[in-house]
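Presented below are the structures under discussion, each in the form of structure tokens.
Across the two complexes that follow, chain A remains constant while its partner is chain B and subsequently chain C.
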Partner chain A sequence: MIEVVDIHKRYLRKKVLSGVSFTAEKGQITCLIGINGAGKSTILKAIMGLIPLNSGSIRIDGEQTGKAVYEKAAFVADHLTMPLAMKLSEGFQFMEEFYESWDSERACELMQFFKLDPKERIGNLSKGNAAKYSLLLGLSQDTEYVLMDEPFSGIDMFSKELITEVFASELMGERGVLLTTHEIHDMEYLIDKAVLLQDGVVRKSFNCEDMRSSEGKSVTDVMREVYQP
Partner chain B sequence: MNRYLKLVHMEIYRFRYILGGLMALTAVFQISALVSTLLRELSRRELLGENASGSPLSFAWAVASTNFWFIIPMLICIAVIAMYVFWIWYRDWVGRSSFIYRLLMLPTSRRHIYLAKGTAILLFILSLLSFQMVLLLVENMIFNLIVPAELRVESFFAEIIQSNLALKVLVPQSFEQFFYAYGLGMLAVFVIFTAIMLERCYRGIGILYGILYVGACVLVVTSPVLFLGLDESIYYFYPGEILAIASALCGIVLVISLLLGFRLLGRKITV
Partner chain C sequence: MKESGAWTEVAFNSRDPLYLQVIRYFKELIATGRLQAGQVIPSRRELGAQMKINPNTAQRAYKEMEEQLLIITEGNSPSRITSDAAVLRKIRSELLADSVNAFLLSVRNIDIPLEELLELVSGKYSEMREMDSRADEGETKHD
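Presenting the complex of A and B:
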């Protein structure tokens, strides 16, 4: 379980996160929802130890963020994180050399699934293909958690469909998925838990299925209540 | 350790074209200057009929005569490496791809990233230096091919090094000098790396921290010479003692730079 407890983050005088707490369980898709600037990406970066926090704590299966966590949780950023001069296959080689959790077979399967050319340079990928390649790198690690920052941002309809297909497939297995989005429509039916953020504060956190069965509200309905009261 | 070596390999791999380009540039500048100087000299001698009576040509003379064209590529190499000391970090932050995300998420100690970049810079310098040494041997062979045996005399390697202003500095004759020159160079690299870390951690105000840090390090390293060595009216220390103090201070600055750099990269860095 990813436990985020009372985290605070400030850039100079601007408060970005003010006491954010939530959990993301294994085997579930947890979605951080909020408009731009709500602090969604900051939370993911903090979980992966890419930015320091002012206070609060983050634990993954009880462990503090550190090098061991990088074999346990993969991060799919909203942009490329490999050198543009590398070929796609060289990116695989890099991952294989550094990560024990890297699964080459799965990487090849996903490569075929996304119809990517291993000889292509990373810098030549279109936005949609770059998103697929980033997702591929994240999913080819045999980790217990996958964190994704805006996986559907700015990509075409067919790429979205392909990525959604992956979400629903056995490739996700029993992993815990924590993702961010400001466009809930593409994945509303996929997510198990929603965490609504506004100005660095958690406004509401709920189990989507419970909400549907007990109050008959969709995630979008709850979002309207929270963001447009 | 294994992952550290892989990171060093990756850094060298990423710089390979620039390194190859610098080597090619050095070879083209120096060989073309050498060949044209030799051909010009031989034709001049032939015109003046000095071939038999003139003093024999040596490779050291040829190197001294092409000083400018030998030095230019070396200066270009030094400038490129100096710029790359900064770019080796900033290239991972800027542009469409932020490789720093991946580097920081590697399941290895982050100090390996810092040390790998430092090691790569040292290896680039040493490989360019080694290439220059090999190139001198090749140029000596070219010299022997162009200049007829009866018109030339052999040069000692030390003589060749001494005949060029830049080589004299870059290839010191004693190991001690070599160690001091390149040790100070690497100390400067690590001080700059830590200043870059300060800038990357604290951004705007970090630039000021970085400048202040570099200034403080320069002051500490030069303080024995500035405060104990220049004023000859104070004879508290022998030159050897001043050198020992300076070396100790360099060691302290190196250790502080490394520890601070590791800590900033491990705890404070912001992507």
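Presenting the complex of A and C:
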């Protein structure tokens, strides 16, 4: 379980996170929802230890996060962070150098599933294919958790469908997934738990199936109540 | 089921629990004969991937269907539709009762005597049947 406890973050005088707490369980898909600027990406970066926090704590499976987090959780950023001149296949070697958890067999499997060409240069990928490659690099690390920043943003519907399929498939295994979105529509049926953020605080967090069972409300319904009261 | 089409074409609504909608869909496939008694069904993961739903939801639907004796899972072999005729008959009557209830709810507020309503239903029903059989003939001609 990823536990985020009362984290605060300021960029100069601007408060980005003002006491955010939530959990993301293993074997579940948890979604951070909020408009642009709500603090979603900052939270993911904080979990990965990429930015310092002003206060609060983050634990993964009970342990304070530190350098070991990179072997425990994979991070899929909303842009490719790989050298653009590399071929896709060379990117694999690059990853293998840096990550103990790299699983090249799974990477090849995913290459076939996404129909990507290993000889293509990373810089030449279309937006949809770049998103697929990015996801592939994240999922091919044999980690317990995967964090993804806006995996569906700005890509075509068929690429979205393929990615959705991966989420539900064997490839995810028993991992815990934490992702962010400002557009819930594509994943209403995919996520276990929704965490609604606004102005750096969690406004509501709930299990989607429970919400449908007990109150007959869709995620979109709850978002409307929270964001447009 | 050979063709994967049956699983990918489902339109869910976002306000009812998803696992109940999945179960309902299975019942419809059984009642309409698209899923046969004893037929092997996809694994939970496969179903999740094809329906593009959360695998935990698929898991919950299967668990519930097992409890309702709708599907059988023995040991490590894949789950299959029950062959119990009584259970299968029950599905059909259950679905019919649901549909009739929904119909009655939608006409409840319209003031109409039962005889007139039944007449309307029976007229529309034979009209529909006629169109269906004509469509079938058309199809066989093309073959």
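Simple rule for what comes next: the second predicted complex is superposed on the first by the 229 of 229 C-alpha atoms of A that agree within 3 Å, B and C clash if a C-alpha of one lies under 4 Å from a C-alpha of the other, contacts with A are read in each partner's own complex, and residues count from 1 in each chain.
Following the convention adopted for this analysis, a contact is a pair of C-beta atoms (placed from the backbone, for glycine too) under 8 Å apart; a residue touches a chain by one contact, two chains touch by 3 or more.
These figures come from a predicted structure and were not determined experimentally.
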item: First, second, both or neither for A:227, with chain B first and chain C second; value: neither
item: Partner chain(s) touched by A:113 [first = chain B, second = chain C, both, neither]; value: neither
item: Chain B versus chain C as contact partner of A:100, first or second or both or neither; value: first
item: Which of chain B and chain C A:81 touches, first, second, both or neither; value: first
item: Which of chain B and chain C A:191 touches, first, second, both or neither; value: second
item: Touching partner for A:213 - first (chain B), second (chain C), both, neither; value: second
item: First (chain B), second (chain C), both or neither touched by A:70; value: first
item: Footprint overlap on chain A, where chain B in one structure and chain C in the other make contact; value: none
item: Contact footprint of chain A on chain C as seen in their complex; value: 12, 14-19, 45, 48-58, 60
item: Chain B - residues contacting chain A, complex; value: 3, 6, 10, 14, 95-99, 101-102, 104-110, 267-271
item: Touching residues (chain side chain A, partner chain B) in the complex; value: 45, 48-52, 67-68, 70-71, 75, 77, 79-85, 94, 97-100, 122-123
item: Residue ranges of chain A touching chain C (in the complex, touch as defined); value: 27-29, 161, 164-166, 168-170, 172, 188-192, 209, 212-213, 216-221
